[in-house]
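In structure tokens below, several structures.
Both complexes shown next keep subunit A, but they swap its partner, so subunit B is in the first and subunit C is in the second.
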Partner chain A sequence: MTASPGPAASAAIAKAYGRVVRRRAVLLAVLGLIAICAFMLDLGTGPSNLGWREVLRGLFDAGALNGAQSAILWEVRLPQALLALLVGLALATAGAEMQTILGNPLASPFTLGVSSASSFGAALAIVLGIGIPGVPQNWIVSANAFVFAFIAVIVLQSVVRLRGSGTDILVLCGIALFFTFNALVALTQFLASQQALQQLVFWIMGSLSRASMDKVRLLAVVVVIALPFAQRAAWPMMALRLGEDRARSLGIHVVRLRFMALLRISILTATAMAFVGTIGFVGLAGPHIARLLIGEDHRFFLPASALTGAIIMSLASVASKSIVPGVLIPIGIVTALIGLPVFFSLIFRRQGDA
Partner chain B sequence: MSDELQVADLSAGYGSRKVLAGLTLPSIAPGTVTVLVGPNGAGKTTLLRALAGLVPATGGLRFGAMDMLAATAAERARVMAFMPQFVPQRLALGVLESVISALRASPAQLAYADAAAIRHAAIEILLRLGIADLALHSFDRLSGGQRQLASLAQALARQPRLLLLDEPTSALDLRHQLQVMSILRDVARAGGTVIAVLHDLQAAARWADLVVVMKEGALHAAAPPARAITSAMIREVYEVEATVEDIGGGDLHIRPAAALR
Partner chain C sequence: MAARIRRSLLLALVCVLATLSARAVAQPVTVTDVAGRTVTLAQPAQRILLAEGRQITALALLHPDPVSLLAGWLGDFRRNDSESYALYRARFPAIDAVPVIGVGNDGSFAVEQAIAIKPDVAVLGVSFAPGGRSNDVARQLEAAGIPVVFTDFFVNPFDNTIPSLRLLAQVIGRDAQADAYIAFYRAHMQRISDRLAGVKTRPTILFETHAGVSDCCHAPGAGNIGRFITFAGGDSISAQISKGPTAQLGLEYVLTRDPEVYVGTGGAHLKATGGLVIGPGFDRATILARLAAVVARPGFAELKAVRDKRVHGLFHNIMATPLNLLATEALARWLHPEAMKDVDPDATMAEINARFLAVPMQGIYWIDLK
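And now, the complex of A and B:
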């Protein structure tokens, strides 16, 4: 006890903490700006000669582009770029919440079998033509993917209900789901015709090429509804990170908190995966990078994760269009091939600092 | 209304495994420090967690006018704070933030005017524990003892009338052990009821008003230190031959000689 504790010391700490909070707010704003830039870059990238300058003019002035250019912008570029952005927001938020409720930085919709389940749903539709009755033909794959992702999360949720909210069992159950659904996907691949197999493999790789404004609208609604609820749970989620006994002794209903988080995770993941297929990396890396940048103050951590996810997806979309000119490489492949080395270099550089 | 803690015929356990069977304690008065001792696996932590409402329990458990077993978690959180034995290590949250979130996350909000008042209260706790210099440090980079102090700060910030602590000093150096125990005495002096699990019998003798000795899920003895901590008790409960010597001022000197098996 060297310094004499007193009002001066207290004020100094409050001031220093205020600086930390302001720095986070600034970082968040910077991430937002980068996300906008990445989105614009994505809009301005593509096989047809339509740079971001033309795109910008075309967006605000209907007469600036000719018919073909306008069609490319409004029917190809914009839906794809918006879908990339929204999928990034959705998957990274889902990953962040999952890592918090499981207290495990390795948790993500991908590692707990949710994306495997949605692949199996898609496989059923593509290979065997099995779908939900009444769903229009061009939505059948998405609908199946959604339903199966949702089923996977409901299984995870019932584990929480039945066996209490211990995280070990939940993780084990997620791994079991992962292997089960992967085996089922392999089985359908084995049974598939040549043509269906090709289609399925392409779906599983994850791609933005099936983007449409309808899908963008639907995912936007889901994101706009889910994110504020996630944000509202920021304080209890932080308390949960202090330990389950601590959170419960504070009077927090931990089982309900986990349940509601899983509900948000399932809807976000299932909707995103239904439209773009399997994209594993964003849900893991978005929150991780956000945690390195901003820490786990969930008021900032959640939006930072979402924005980082959006940036990753937009940049991956740019790369998928520009690595091989004229060819749209499936974005799932790009996120893995380019994203992972970047991700690891970030982790290792950070550990070098410590 | 007096904050007496009454434990009568309390049973608790995990699923089908009963750890405590029909435990009854003498009523524990406010303004006192009670220390739970006993060998590993005696049920000390389970008793403490049952008092905190973290383990399913049956029987009688009252604190003042409140029936703790019937109360909701939020109602309990209004009067009680719990310090768990383990603190997460991999956590990118600052010490001050952790204390603030213990105040703001709870549905049982204490009466603070605004966020600035909460922040101020949290800083005061850190100053009191002498860890204000760690306020902005992330948990990732703290030592075991520092994490323990931060965890204690989260509990103390709740201004509990009933403070439950599971081995609060196990990772602390000598100076901080002294400091923490005297803070617990301060809490008692201000009218709080403090119940702590400790392994150190000498510390128990020095700081406790009441020592509860547990063995195999049952009460072995509950008495003031000088009567509870005896060589006979140590032989029966710990199966260790030891001499216990009163060295004055309420302090005991305990010298273990040999394990009996």
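And now, the complex of A and C:
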């Protein structure tokens, strides 16, 4: 081994690196393509006989469908499919960033109590009728869920502020939040009438049937703003992945980086969960699947996580509509069942390689 | 001597007579409850523990002062039907003093407190019966010497309403009142069957329970409330989805089936979350505004029921009481307005108020969105 590689070796390394980058870019494009196909499949699936041909025609020609068909397309299929896609993008990005800033593969908005907090917010509205004053009644459940998810992340952030860089403390604090809010949710369940209990359980299981174009627009705005910022932080995040000291020696303000990432995570998670309920699996598995496919390079890892999340959600949406015709099985249940086999197969393949 | 004998004989006679008359007052009561168990009470119960607080409505059909019968109850009636509770409180202020042995659903039943208040009998819903979710409660109460009877106005109200009402009446010794109401109930149900005899059509209907709050659409399956819909001559679009008590429909399925009639249920319990409010305590304008909002949700404008203005609201909480007869009449009328011309739930309600109910119903329990 020589101390420094010669020019030929450097060129070889650069070439190899170029190959890796190209391969990753191609993988990313493939993921993007799969996401689009999954979205189209989602649009073309439903209990009525509105296939994707009619859907395509209806999308571009307003007169092609009759009243009921057009309502199915514009009020049911399209908002649900778009919401599935956006929720997948948002939760998987949030999960990916969380895993990196905490250096913990088990971290996700679900494991750190953010989703429990949003469930508690929803429970307050559903069971006790407590909402934020001034919020229209149709939005009080969503608004409560958002506010409580945000509160949870603010608590986590103040831990970052107070204790600086200790990720262990952050994780422990997240777990404490998880148990606290779960206990509070259980308390409201204990107080709930049968009707409210049922409504709450359905909310917690997560469902796309509460989709509407208003919600799609709101979440789209959040995703469009947050994702480019996440992408811009890819380099410093990558450095953080190599270790906190290394990142600091490269001149990265780690506390600030964590703070900004947590802010993005909180807004993405809180908005997504406010609209569809708690869908835990995407935030955990999306990033892991992406990492197994594409590696740690955050420039590729982040978009790959987002796209994987979108694919999981779209396919889960297809399954939730197809398993029992006419019934929309709560997507939180299906997501885990759809994602797990993929997740396991990747884990075992990787162990086989090693 | 003879006088003493005469006096003792007289005394003995008085004693025997007193015992006999006391026994006539306190005849043991043996009943068979809806879980098929035979239960014997030493005498008709004067102090009842009511595990489903809303069954106060059934007691109000049988007894002029139903509140006086309560030794304790669960808080469900007060919490989930606050406006009906207000009607009872206006008539019987003592209702506020009835011990509450649980704040909400049957999981909150506080057995120790229930035993401490020493009721003559505990009337429990079938979720407490063997095999039910909370069956330990019944075992513990019986171990403490409190007789337990199971009624059911909730799981299978179509079959069990009449047996449960009769059972309640036997427990409190008011059989005659139950007989009168049951005859009335049967005659009115029979009238619906008679009017339907010549009717060939079965309009499709979406019966959305707790309308406007949960995801579209929560509806009864073929069981439970679904039985009343079928009886009233409707083809419930949710019946095929589930044979059980409830079904969760997707909006696309609803749009595809395109029901001819829409009925949403609601009440004060949906006030906070923006759902349909109806029943005592709400004026016509408020109810209509909420009902209009329910069918203004995305996609609903396309439904035939909405376009044809066959949209109706129904007070949810009467389904799980012996007053479900009124809901059945309203349903039948909405489904078959021609055949049911002489079926008038408002008139039936007026008669029930006048003849049976200790606390009359007040307000709008069913409504049409014109």
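Just so we're on the same page, the second predicted complex is superposed on the first by the 349 of 354 C-alpha atoms of A that agree within 3 Å, B and C clash if a C-alpha of one lies under 4 Å from a C-alpha of the other, contacts with A are read in each partner's own complex, and residues count from 1 in each chain.
By definition in this document, contacts are C-beta pairs under 8 Å (C-beta built on N, C-alpha and C of every residue); 3 or more make two chains touch, one makes a residue touch a chain.
This one's a predicted model, so the numbers in the text were calculated from it and none came from an experiment.
Between subunit B and subunit C, C touches the greater number of residues of subunit A. Applying the stated contact rule after C-alpha superposition, one finds that A:9 touches subunit B and leaves subunit C untouched. Once chain A of one complex is fitted onto chain A of the other, the partner contacts of A:245 are limited to subunit B, with no touch recorded for subunit C.
Of the two partner chains placed around the shared chain by superposition, neither subunit B nor subunit C is touched by A:63.
Once the two complexes are laid over each other on the shared chain, residue contacts for A:47 go to subunit C alone; subunit B is not touched. Once the two complexes are laid over each other on the shared chain, residue contacts for A:228 go to neither subunit B nor subunit C. After overlaying the two complexes on the shared chain, residue contacts for A:140 are found with subunit C alone; subunit B is out of touch. Residue ranges of subunit B in contact with subunit A, taken from their complex: 49, 52-54, 72-78, 80-82, 84, 86-88, 90-94, 96-98, 101-102, 104-108, 116, 119-120, 123-124, 126-128, 130, 132-133, 135-136, 138, 140-141, 151, 154, 158. Of all residues in subunit A, only 1, 3, 5-6, 9-10, 13-14, 16-17, 20, 103, 105, 235-236, 238-239, 241-243, 245-253, 291, 295-297, 354 touch subunit B in the complex they form.
On subunit C, the positions that touch subunit A within their shared complex are 76, 79-80, 103-105, 107-108, 210, 213-216, 218, 240-242, 246-253, 255-256, 258, 269, 271-274, 298-299, 301-302, 316. Residues 46-48, 67-68, 70-72, 75-77, 79, 125-126, 128-131, 136-138, 140-141, 190-199, 202-203, 207, 209-210, 212-213, 321, 324-328 of subunit A touch subunit C in their complex.
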